[in-house]
Amino acid sequence: MDYDLVIAGGKVVSGSGTTKADVAIRDGKVAAVGSHLHGRERIDASSLLVLPGVIDAHTHFRLAASGMVSADDFESGSRAAALGGVTTFLDFAAPAAPGALAEAVAARRAEADEHVSVDYSLHATLAGWDATGEEAMRALVKSGIPTFKMFTAYRAQGWRSSDGDLFSALRASADSGAMVMVHAENEELIGFFQGEASERGWTGAPAHARTRPPIVEAEAIARAILFARETGGRLYIVHVSSAAGLERVREGREQRANVHAETCPQYLLLDDSLFERSDGHRFATCPPIRAREDAERLWEGLAQGALDVVATDHCVFDGGQKAAWGGDYRKIPMGLPGVELLLPLLYTAGVHGGRFPVEHLVRTLSENPARLFGLWPRKGAIEAGFDADIVLFDPSLEVTVDHERLAMPCDYSPYDGFRATGWPVTTFLRGTAVVRERRFVGFPGQGRFLAREPLGETT
Amino acid sequence: MDYDLVIAGGKVVSGSGTTKADVAIRDGKVAAVGSHLHGRERIDASSLLVLPGVIDAHTHFRLAASGMVSADDFESGSRAAALGGVTTFLDFAAPAAPGALAEAVAARRAEADEHVSVDYSLHATLAGWDATGEEAMRALVKSGIPTFKMFTAYRAQGWRSSDGDLFSALRASADSGAMVMVHAENEELIGFFQGEASERGWTGAPAHARTRPPIVEAEAIARAILFARETGGRLYIVHVSSAAGLERVREGREQRANVHAETCPQYLLLDDSLFERSDGHRFATCPPIRAREDAERLWEGLAQGALDVVATDHCVFDGGQKAAWGGDYRKIPMGLPGVELLLPLLYTAGVHGGRFPVEHLVRTLSENPARLFGLWPRKGAIEAGFDADIVLFDPSLEVTVDHERLAMPCDYSPYDGFRATGWPVTTFLRGTAVVRERRFVGFPGQGRFLAREPLGETT
Amino acid sequence: MDYDLVIAGGKVVSGSGTTKADVAIRDGKVAAVGSHLHGRERIDASSLLVLPGVIDAHTHFRLAASGMVSADDFESGSRAAALGGVTTFLDFAAPAAPGALAEAVAARRAEADEHVSVDYSLHATLAGWDATGEEAMRALVKSGIPTFKMFTAYRAQGWRSSDGDLFSALRASADSGAMVMVHAENEELIGFFQGEASERGWTGAPAHARTRPPIVEAEAIARAILFARETGGRLYIVHVSSAAGLERVREGREQRANVHAETCPQYLLLDDSLFERSDGHRFATCPPIRAREDAERLWEGLAQGALDVVATDHCVFDGGQKAAWGGDYRKIPMGLPGVELLLPLLYTAGVHGGRFPVEHLVRTLSENPARLFGLWPRKGAIEAGFDADIVLFDPSLEVTVDHERLAMPCDYSPYDGFRATGWPVTTFLRGTAVVRERRFVGFPGQGRFLAREPLGETT
Amino acid sequence: MDYDLVIAGGKVVSGSGTTKADVAIRDGKVAAVGSHLHGRERIDASSLLVLPGVIDAHTHFRLAASGMVSADDFESGSRAAALGGVTTFLDFAAPAAPGALAEAVAARRAEADEHVSVDYSLHATLAGWDATGEEAMRALVKSGIPTFKMFTAYRAQGWRSSDGDLFSALRASADSGAMVMVHAENEELIGFFQGEASERGWTGAPAHARTRPPIVEAEAIARAILFARETGGRLYIVHVSSAAGLERVREGREQRANVHAETCPQYLLLDDSLFERSDGHRFATCPPIRAREDAERLWEGLAQGALDVVATDHCVFDGGQKAAWGGDYRKIPMGLPGVELLLPLLYTAGVHGGRFPVEHLVRTLSENPARLFGLWPRKGAIEAGFDADIVLFDPSLEVTVDHERLAMPCDYSPYDGFRATGWPVTTFLRGTAVVRERRFVGFPGQGRFLAREPLGETT
């Protein structure tokens, strides 16, 4: 009886295959995977998939933006995550000034540490860069934060990094174990298209998409990739939304740039006809949701591995908050809820829908983010020595999405009415159940902050 | 005491990572990987790498060619394999006529089954193709032989397939779970260059390489890939030897052809200056060993994954047999011994030499061939449910290659004098040691013929 | 009164522009282009286009093939040419044996010299190649024949060159001022598809196209281009018929191969639905006419310059001769009449149809073939010093094609019913009218054999 | 005696060939090209090349910049042009405000019209763009100015256009007969590298090149090309200086962008080792002169046609003016003298040096700029109807460049000591000699302002 718990007889899925096996857990870690394993506790998983916990690499809980604070916090957000099979999320710490990275991390941890019920870490948001940047980057990498978010847009909010900043940060990433994550939109093009919209008197939700057409994203991606090729830097493009953006990523890879890319469920499952609806403004996020054809290209890119990760860019503004737009698309609080639905949406449309096998889902949601973000070999797989972050997933459970039954504090869901086949039922965090039979059984502070590893050659 | 054996405390390597773990074996299979595993027997592997058994996807034991029979047979060959950490080899069954595939397999099994000390399977060699080909292919796939070797050269030997044969076989492979393996050399170009050599009076060993320059290989590869693109067929190029050949493979992949490729140790480690030696004829194999620069490009392609597999094309003609050439390069019995050295050569030059991590070695020698040839998830990894084909590898053992100390019955080795760092010490076949502390402890008939799976979407 | 003739006031077209100018002719050559030119004779061309005479780079008059001789000879063929604005044609001399090139040229000249009413030259057809090939090539280049046709198919007729032959000839072309013209079809694939057709009982005209699908052409083109890249040889692909074939040409150019390409009116204007007609066999030629989509891609490639030349592959078998097929597509005498219609078809569908400007037509039909085939700066332009081969073309003349009104001795035309806008009305050969107001006024022997220049760097 | 002048017996060069011919001139235009032409005056050109007058598409005479005015004006500048065989130059009119284009043109013409001794036209410089831009562009195209210069850098000088401006101008160019010329340097990257230089205490001339490395140019070119692809706009990249920049142009063309490109003699003939000299600051221009390897790649690109035009970017600051730098590279008045040497430098290094034939020189210096900038079929060739802008060029004349013997008012030349083989001896402007035997015989006001044509499909 060396093991604390054995999850018995499920189909254990990794990025490379699926095996019917027992999973033994001891001291919060996977102790063994195999047959004939016995422990003090035993859970029968015989009709279930046993998946590594999902890593949502892109969340914004309690985000201050648009003059308000988003509708959930680390407690409610991490609870929704757990219910969705997400055992690790990566949120952001944004410093008040370029040099104040450590302070920003401390402040954000103060908001989170005692409230999270799943594990998490933070990316450092860089609003600009200066001569001290490289040293600060190296220090933060050492302290366990190797990923740095930069924006090529949002000058008004003070978030935009100049091309020089971006070039310099990428150059610094090349030999420091860091990676630069880029929100890629061309600021000046947006300004131009918004100017045109003004002249034409466009103010409604459709103008949100029209003023950020795919070239806005595609150009900024191409630029970041050129800098990565020139510097040898590690680059990660967040929320690729368009076929044109994806095409730039493909070209970068053929030219041996060290570039990786993420897309989000909203770009795969929704399309821009939504903006024509009377509540179209609720679907506004940046970059905007695109045409159906773009979504199809993204699915292809995901299946082929041109996109590495699907994360949510979760950011909840509820109907009341969204109403602040007052009919002007430029005032819409941008963002969509998502963390709770990442796994069932992707399983249903991706695996059940025949776009890729379940092993590819695990690569996309667990293995790839773990590797890319310095959590491997701790998170992302069910192998001896890994944290026992495990989701029991019932592939036969049919659920129609209804925001009223979700834990995310939002009075609508972009996916209301979506018919899911397959849903997470039980979630273990380091060997302890935080969700059992779709009910949350965790508690605030159960999750831990994760200091991550510097990123290596193979990233 | 549920397990028969526990290999304790080694570094267990897979294609995706390395973990310090125990490996429990029961009934010949990996039963569990983890900690706190106990069995009736326990082997301490604490300073060793625990690798999946190597799969040599390309051997020719007891090959009748050039009017003689190669110098080893299934007994001596498989013994050398075991000593080299190879637990599965894939040899060839060549039918006397296109339609006689099943008979050829039966005949070859009669030569092998009672003599092999490791597991093996057979590729079906297709010397031509006819209207019955597709049906025969489907039948053979069902019977466990999903891979079919074709030659674009060797008309005199009756091995050459026409372009129509190749096209048709590839087309048939697209939906039958089969894969076509191509020996890619342009017959007519070889004839042309040999004609030129005759005019110039070239007969020595250097003429072997000069009459098969890289374009001979590159063109045939390009052609096969065009056919694979057109038909959607599964294609595997055996023994890619040149930078130009590799470049064609890369192009094929960028154009989404379903093409995979193999190279061999001789193309990575040797170069064509050998042909200038007085015993240069001993190094003759087809395609020929190339310039140093080609080898460097192949190492790069291997590290980047453009080449999937390293196999040996093992075919032993000893010095006496090679002497039959009588000074005429066209009469050299073609082939080189290799199966016993595959793992230590690749580990030393690849991993120890810093060209790629040990995980990539495992992908190249075990995981990829298992997946590509229908042995996954039975062979190729140390995970619960897989056959317990396991090599204990001592990365600190230094060995200078000397043919006299090798089991391969050959009175020379192309690698004599090569200083290896790292050598396999113990080999388990389905949980039973066949080599222990570098001594063979197996017996003829211990190995089994492997009926393989049809090849699937992800091949 | 220094000039013999002034063609006054027409729109003189060159590859680079169109000018309203007089053209003065003296001693059979263009003496001046400009204004205020006066001569002993004056022709008013004020509503007409003044074009350089068309060079049809690919004709087969009096071709012995399929056990018969094609229906026209050099007299009737060259008369039709003159009526169509063609002042130079390039036909073929096929030696009985590889070494008999000079004899073949002499024999063919004996058939032509006294009968042609326009100028002509010959390509040397190479049915094979041997050790004497390079020397023979150099000798023929010196004697004025720098272009050599090779076939990758037609083994039964004895025309096929092996890959070694092709490689060697291309290699020889690299520094000898020669160019190799390739009829690119994969012999073995054709054989394979014909075998399949037999099994299915296909014998009718549609089987002609089905047994030579685009891969047949595309593969052979790709192969020839690889050889040209390897050798630095000059390569010209005759009668590109398919989008897939064109794509290979484009790739070759991007990779800096010295490759040029031709298409024919039948591939631009007709499509394979014709084979379904009861007289479908009449439209059989090799390679076969393709789908409409292929034709569209060829028009694009022509407009973009990826295809350099349009020539006719003129080869007349009349209805009686075509009837020899007896219902078996393999017995159809292959070929289509064309020389008389080249200019009006291309003008109508290309220039009048808006696909490219008239200057591009002149590049395609006159300037490019003159440059590529060693006739520049003698033929191909209306500039001082060039032969006064000039066509007066009426762009407003509307003509419905009717084989009964054509000079080509054929009882049908693939283009019967085609409504042309624009037609050549007067043709000058070296300053003398051979056609005047659409009536032939020349005589046999008026044309001359052209010894051509070696091909240079810029070819 | 219909002609005013006949230039007799020279080698008349066009982009497509060279002919020994007379050129007859009447009323300032080429009246005829041919033999047996007689006029009132006759000039023997029998040992000379007869070239179309050079079009320098990029000059800055009397440029106000860096707080000073450049050292020549339209009188001295156009005199130097004439002596160098340049019969047309294209300078720039820079409006004080985006809307003031017409005023700027008028003002610039006031500086030039009465002073120029060769013909000229103006590009409109756009410092920004606004809602009135498209209409203003269309009006200017109609008035004869179809080319619009934009800068992606030089914000401090007020010249920088935003990405929105650039996108919008390119979009407007797609159907308005306009072309956008882009000075492509990434402003923010320059700022970043200058900041680094400050930290390191770099101030000398080498810092000029170090703070504008090739990525600065390459990125801006890539961006402009993406916008051109998206909009279908006509794009011309001025002064491509680096291999990386050229590579982006090549990619753009392969992707069918409507992009053309220019380089300058300084990038072909000089290299960045000059900046190490004590007078290194004199060689500063933007973008900076690059490494020798870049120059070699540019020569290749020029020979292959990937670069369309060579122009000078002529801008004279003499030694005294350059001295204003005071040891700070940021204060160097940027620019180099060039208009007088364009033809002899390119002939010597390009044609005499064996890099391309003289016909390619004529394409590069006359035909291509005439076509691209709306001067065809008036300027750029010696054909009936074209302006009789003709240079008699002596290919055997050897001249060592010495600034003291040049007309350009500059007390140094970047090319001092360059040994030219071939020099222009006589220049005709519209049929009248402005230079005769290397002596200027023209007068101010002899040149005319050229209203140009809208740019068409083939641009």
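Going by the order they are written in, the chains are A, B, C and D; count residues from 1 in each one.
Note that in this section a residue touches a chain if its C-beta (ideal position, glycine included) is under 8 Å from a C-beta of that chain, and two chains touch if they have at least 3 such contacts.
Here the structure is a predicted model, which is why all the values come from computation and not from measurement.
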Among the chains, which one keeps its Cα centre farthest from the Cα centre of subunit C? A
Out of B-C and A-B, which chain pair has the most contact pairs? A-B
Roughly how far is subunit A from subunit B, going centre to centre by Cα mean, in whole Å? 41
Centroid from C-alpha atoms only, then distance subunit B to subunit C, rounded to Å. What do you get? 51
In subunit A, what residues contact two or more other chains? none
For subunit C, which residues count as touching subunit D in their complex? 2-3, 12, 14-22, 24, 26, 30-37, 254, 357, 367, 376-377, 381, 383-385, 457-458
List the residues on subunit C that touch subunit B in their complex, please. 131, 162-165, 167-168, 186-189, 191-193, 195, 199, 215, 218-219, 222-223, 226-227, 230
